[in-house]
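Common to both upcoming complexes is chain A, partnered first by chain B, then by chain C.
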Partner chain A sequence: MRHRDFIAFIFPSVVAMILFIAIPIVSVVVQSLYVEHDRVLIEVENCGPFGCTTETRVDAEATAEMKAEQPLGKFNGLGTYFNRAHLAVDELKAIFADNDGFGDIVAQIYNLPFYKALSFTLVYTFLVTPLCMIFGFLIALGVNAIPKVVKGPVIFLSLLPYIVTPLIGSLILFWMINSDGVIGASLQYIFNDPELSLKASPVLMWMVLIIYGTWHMAPFCFVVFYAGLQTLPTDTLESAMIDGANRWERIRYVVIPHLVPLATFVGLVLLMDNFRVFEPIVGFSSEAHATSLSWAIYNDLSGQVDQLYGSAAATSVLTMIGVLIILTPVLIRTWRDFSRRAR
Partner chain B sequence: MMMMKTTAASIAALVLGTGAAFADCGIESGSVRILANDFDALGIVIDEAKTCASDTVSVEANMTSEHKSLQVPALTINPAQYTVALVANNSIVPLLNDDLIRPLDDLVAEYGDSLQESQLIRVDGEVVAIAFMGNAQHLFMRSDILEEAGIETPTSYEEILEAAKVLREKGIMEYPLAAADLPGWNLAAEFVNMYLGMGGDFFEAGSAEPSINNETGMKTLEMMKALTEYMSPEYMTYDANEMKALYLADEVAIMNQWGSMVNGHIDPEGPAPEIGEATMLAPAPFVGGGATPAAALWWDGFTIAKNISDEDAAASFQAMVYGARPEVAQANPTGATWLMKDFDAPESANGVLGTAAEGARAYPMTPYMGLLHTALGAELAEFMQGSEGAEQALSDVEAAYRAAATEAGFLN
Partner chain C sequence: MHDTNALRQSKGLMIVTTVILILWLILAAFPFFWTVWGSFKVQADFFSRENFLNAIFGPATERQTGGAFTLDGYRGAWIEREFWRSVINTAIVTVCVTTISLVFGTLGGYALSRSTRKYTFWILMAALFFRAMPHITLVSGYLLPFFEMNIWGYLPTAIIVLVAINQPFTIWMLHSFFMSIPKDLDESAMVDGCTRFQAFRWVIMPVMWPGVITTGLFSFLLAYNDFAVTGMLLNQDNQTMVPKINSFMGTIQSEGMIMYAVAAVVSATVPLFILVMFFQRQIVSGLTAGAVKG
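After this line comes the complex of A and B, so read on.
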């Protein structure tokens, strides 16, 4: 392809990427550097059906003047990134300066909202991703081995968790684990403990969320691996069989190596997706036990009356940085494979 | 033939119906565009306002629970997307902060004959909103269960704890209490209620500095935690709707529930008419020997946008006054705790009215209260689960609030 043709070919998609990806990201980064103007407060008397009280109000005119001068708000530099709702630099210093040993440091850091969200997000990402891939691979092997007649329906059924909207899926499961629900009540019966509640204990709640995440995402891995299995070189498999390899050995030495490039791709997608976990937290009402970075952004934007755009933007930028950090090892590996093959 | 007749009759009814729907609101022309939260009582008022529509007057409404996130951007543009925003004590604040609603004094003088003085929401002497219904959380109790246990009607949280203990010891109910302790808005509202009942103030006078990390705050949290002892272990996942479901499932005996939800609990055609029959409504309980009930009072009302033509503003005001006229309250007595003139309050409104009569305080209209509310909702969860002390929780709330208030420009 000539250079000019290539540019003409790729031009529309570059424009779309700049418009819908690059510019929004730049605007989020800019937004995260600003906070609102200092408000001019005045004391006034408010009256209503329940009597009068003295309260403060914002002097809207004076505030509007400042806004007209600097519509973006007050420049705050990286201040938002370092405040308590995000990286909490001052709080961290204080914790390291004054603590009762390692356990206390961990507990105190976990008490900061950003680190609390980050810990669940990381645990979720690094458990759900491998679990999904393992289960997806096992399902793919299973489906590949069943007779052709039932394959269609089985594939459809295995895909269902992925088809169901995440929020609906998590709500259904949430109702089932309620102590009146099928799963909740059965567990109480099995463990003979009427107090047992999956929703009341942080550890159990984390487990439920991780199981849910695996249940929801495994079909994605299954589909990709199943497609990969269709391209297995039959002659290699047959020669392995002639050499006396059993089923396990064939999987270990033929199937898995064949699927490794696919697994890298699946891993990348899953890491990105899982790092942005959000719906199950809302669906399972698990804010008390587990929050995630995406949930923190949502929480900033859906406060009772105020929206903290700067704070949400800062968390978004930190999430993007997080995704990049997590993906770096996989990307480096892919790059190495690529250059090795090119050689 | 029979079918024909019915059809003809329904067409006639439809024609008559639409004919009657052209109510005389005295509006010459204009466009009325309403933004509102989505619950039944507001629907009653909006449906009435819609009958003002005519060839020259258009009335549209958008009822959505996302109204709070829509209102500021929608009223900032000029002309504003909506001419009327239905608000409550808390949601009016962002509109005031950004100067998006107009003073109503002139409109009240011209078109507000049917309004009562107490319906006018004044800020610094100017009327900024017209309230038409009140709301508060108050006690819903199962009189049959209390009777069975031989308990006198509790009027304070201390008595409620004792009652719960008796109910448990007599084996009548293991978890007789419930509260909307779902982290977020609900949990914060529970704290606000209890803290008001204890007589606390949220901020240092005249400033945005929080002042909840004190003895009153500690006592508030202690009481909230003590109550959870008698709640089902999943109490941290309950909001008001979940509480209603539990109550109707015969699993709760005493709870502090929203007055606006009374109908859903005592509905004779609802899922549990016998529970509705046995329900006793009472004002919100006192706590810690305080003088005011432990519940914030709320009002719902309407505001008129600033960035619209005077013609639309007058039309909108008239339509809303018509929608919230005294006859509407009389025709729908159980619809809400109406604030209109001559409202003959039925039994179902007594919880809210009683709470107000006992001197409960209104939810603060302070510009930064929303930020504190959000901080409370997020930071009290760990204390409620027992993984953190009360003092730590309160200092976390203040720290989280400070970070948000600094970003919003209220603190330096």
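After this line comes the complex of A and C, so read on.
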């Protein structure tokens, strides 16, 4: 394909991506270096019948004017990155200098908002991903064994948790685990504990969110693995059987090697999607016990009084670095494949 | 009998997988049926502390409304809280996003599949990185500029942003569909005197419809399910269904009108049910499209 044709064809798509993905990334980096203006304070002398008092007030007009002149705020360098709401360098030093052992260090670090969000995001990502793959594979094995007639309806029902809007799906489950919802009330009955609430304890809340994540994403793994099982190399399997390979050997040397590329693909997609976990935090209103990086950004941006662009941008940049770290192995591998093919 | 099923012989494994499958089906489907059924009850039944059977038989619904089913939740959500507005907004957003995404995506995906130069690799890699970007990180880049430019809050803004966010995924998927169409097809058309665009439009597109429909479904789902972009970039009047439901949650809980939210949630889920029912095959093929290529 000629360069000219290529450019003409790819133009709209690339322009859209540059304008609304690449430039915003730059804009996020720039914003993260700035911080909101301090309010302009003025001293006002109030003179009443009992003498004069001076009081400090916010000069709303001057503040608004400053905001209009420099909407980004004032330059702060990397200050936002190191403050308490983000990497919290000073606080970390203080924690390491003065603590009561390992458990205390963990507990104190967990109290810092960024590390709280990061720890949940990582635990969620690295637990939900393998859980989905395991359950997805088991479901695929199950569907593969059932008669053809029921396969259609079974696949239909299985797809529902994946297709449903994440926020809506989490709301539906949230209402069910509510202490007066069907699951919540049943659990209270089973454990004979009228005070039992899944929303009250951090551990239970984390479990609920991880179960939700698995429920939501397992169908995706199921579909991919199921498709993989349909394309198993029959010839190889048969010849392995003739050669006397037992069932385990056939699985070990034929089925698994066939499914590994699929598992890599599924794993990659799951890592990307789980790392951005956001809607369940809103749906389950779990912010007291579990927050995620995406939720932290959302929370900064949706503030009622001030929107903390600088803070949100700094968290965004840190999140992007996280995404890059997760993607690096894939990028390197694809690059190797590509240059091998090109040669 | 074809013998693709290497795992068939083991009885034990089969029992285990069947049990898991049945449990899974209950887990997957029960919440939806439960909520759809419960949305026709009053709050005292759907959120019944004493007995979950109340949600099924609805004694309080009968007491309060005189019938076993009530449309109060739907009436409240759709008319009183003007949920119909969000439905219209969602329709506009999803239709526009899907159409524009497909136009941009087919052009781009075609170019990427037909060029063997190195820059295609870099574009695809950049797209992969963009695809991995959490949407909310991009939103934090939009807000301030959009406020400054005075384009915050309007539907077209959200539409074009969703199209752009959708592009990486769309071009990857269409790229792999185009790869499966032999290059000889368009090359022979060009030998016969077609320009590149004519070959694309009249030779390739007619055989690409299955791929386009599948990709379109996923673009639709992305726009329909989005919360990060529509929730942050639209003002109150232009809200689509998902942010609207979220704003219900804030106000409704205090007023004890949670059934409005339940009814709205069910209203927003039903179109998805219908979509899966009709396009199950395409959705399955779309989910596996990326995987087959590796």
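We take it that the second predicted complex is superposed on the first by the 265 of 343 C-alpha atoms of A that agree within 3 Å, B and C clash if a C-alpha of one lies under 4 Å from a C-alpha of the other, contacts with A are read in each partner's own complex, and residues count from 1 in each chain.
Note that in this section contacts are C-beta pairs under 8 Å (C-beta built on N, C-alpha and C of every residue); 3 or more make two chains touch, one makes a residue touch a chain.
Keep in mind that this is a model prediction, so the values were computed, not measured.
Set against each other, chain B and chain C differ in how many residues of chain A they touch, and the higher count belongs to C.
Contacts of A:T328 after superposition: neither chain B nor chain C is touched. In the superposition on chain A, A:N246 makes contact with neither chain B nor chain C.
When both complexes are overlaid on chain A, the residue A:S302 reaches chain B and chain C alike. Once chain A of one complex is fitted onto chain A of the other, the partner contacts of A:N178 extend to both chain B and chain C. When the two complexes are overlaid on their common chain A, residue A:G48 makes contact with chain B while staying clear of chain C. Contacts of A:Q70 after superposition: neither chain B nor chain C is touched. Residues 178-180, 285, 301-302, 307 of chain A touch chain B in one complex and chain C in the other. Across the interface of their complex, chain A is touched by residues 2-10, 13-14, 17-18, 20-21, 24-25, 27-29, 31-32, 34-35, 46-49, 52, 55, 103-105, 107-108, 110-112, 114-115, 117-118, 121, 123, 125-145, 147-148, 160-161, 163-165, 167-168, 170-171, 196-197, 200, 221, 224-225, 227-228, 231-232, 242, 245-246, 249, 258, 261-262, 265, 268-269, 272-273, 275-277, 280, 283-284, 287-288, 290-292, 294 of chain C. Residues 68-69, 89-91, 93-94, 96-99, 118-125, 131, 134, 182-185, 188, 206-208, 232-237, 249, 297, 299, 339, 356, 360-362, 364-367, 370-371, 373-374, 377-379, 381-382, 384-385, 387-388, 392, 396, 399-400, 402-404, 406-410, 412 of chain B touch chain A in their complex. The touching residues of chain A, when paired with chain B in their complex, are 35-39, 41-53, 55-58, 60-61, 63-64, 74, 76, 80, 83-85, 91, 111, 113, 178-180, 195, 197, 199-200, 202, 285, 287-289, 299, 301-308, 310-311. Per the touch definition, chain A reaches chain C in the complex via residues 1-3, 5-6, 8-14, 16-17, 19-28, 31, 71-72, 135, 138-139, 141-146, 152, 154-161, 163-168, 171-173, 175-176, 178-182, 185-186, 215, 218-220, 223-224, 227-230, 232, 234, 237-238, 247, 250-251, 254-255, 261-262, 264-266, 269, 272, 275-276, 278-279, 282, 285, 293-294, 297-298, 300-302, 307, 309, 312-313, 315-316, 319-320, 323-324, 326-327, 330-331, 334-335, 338, 342.
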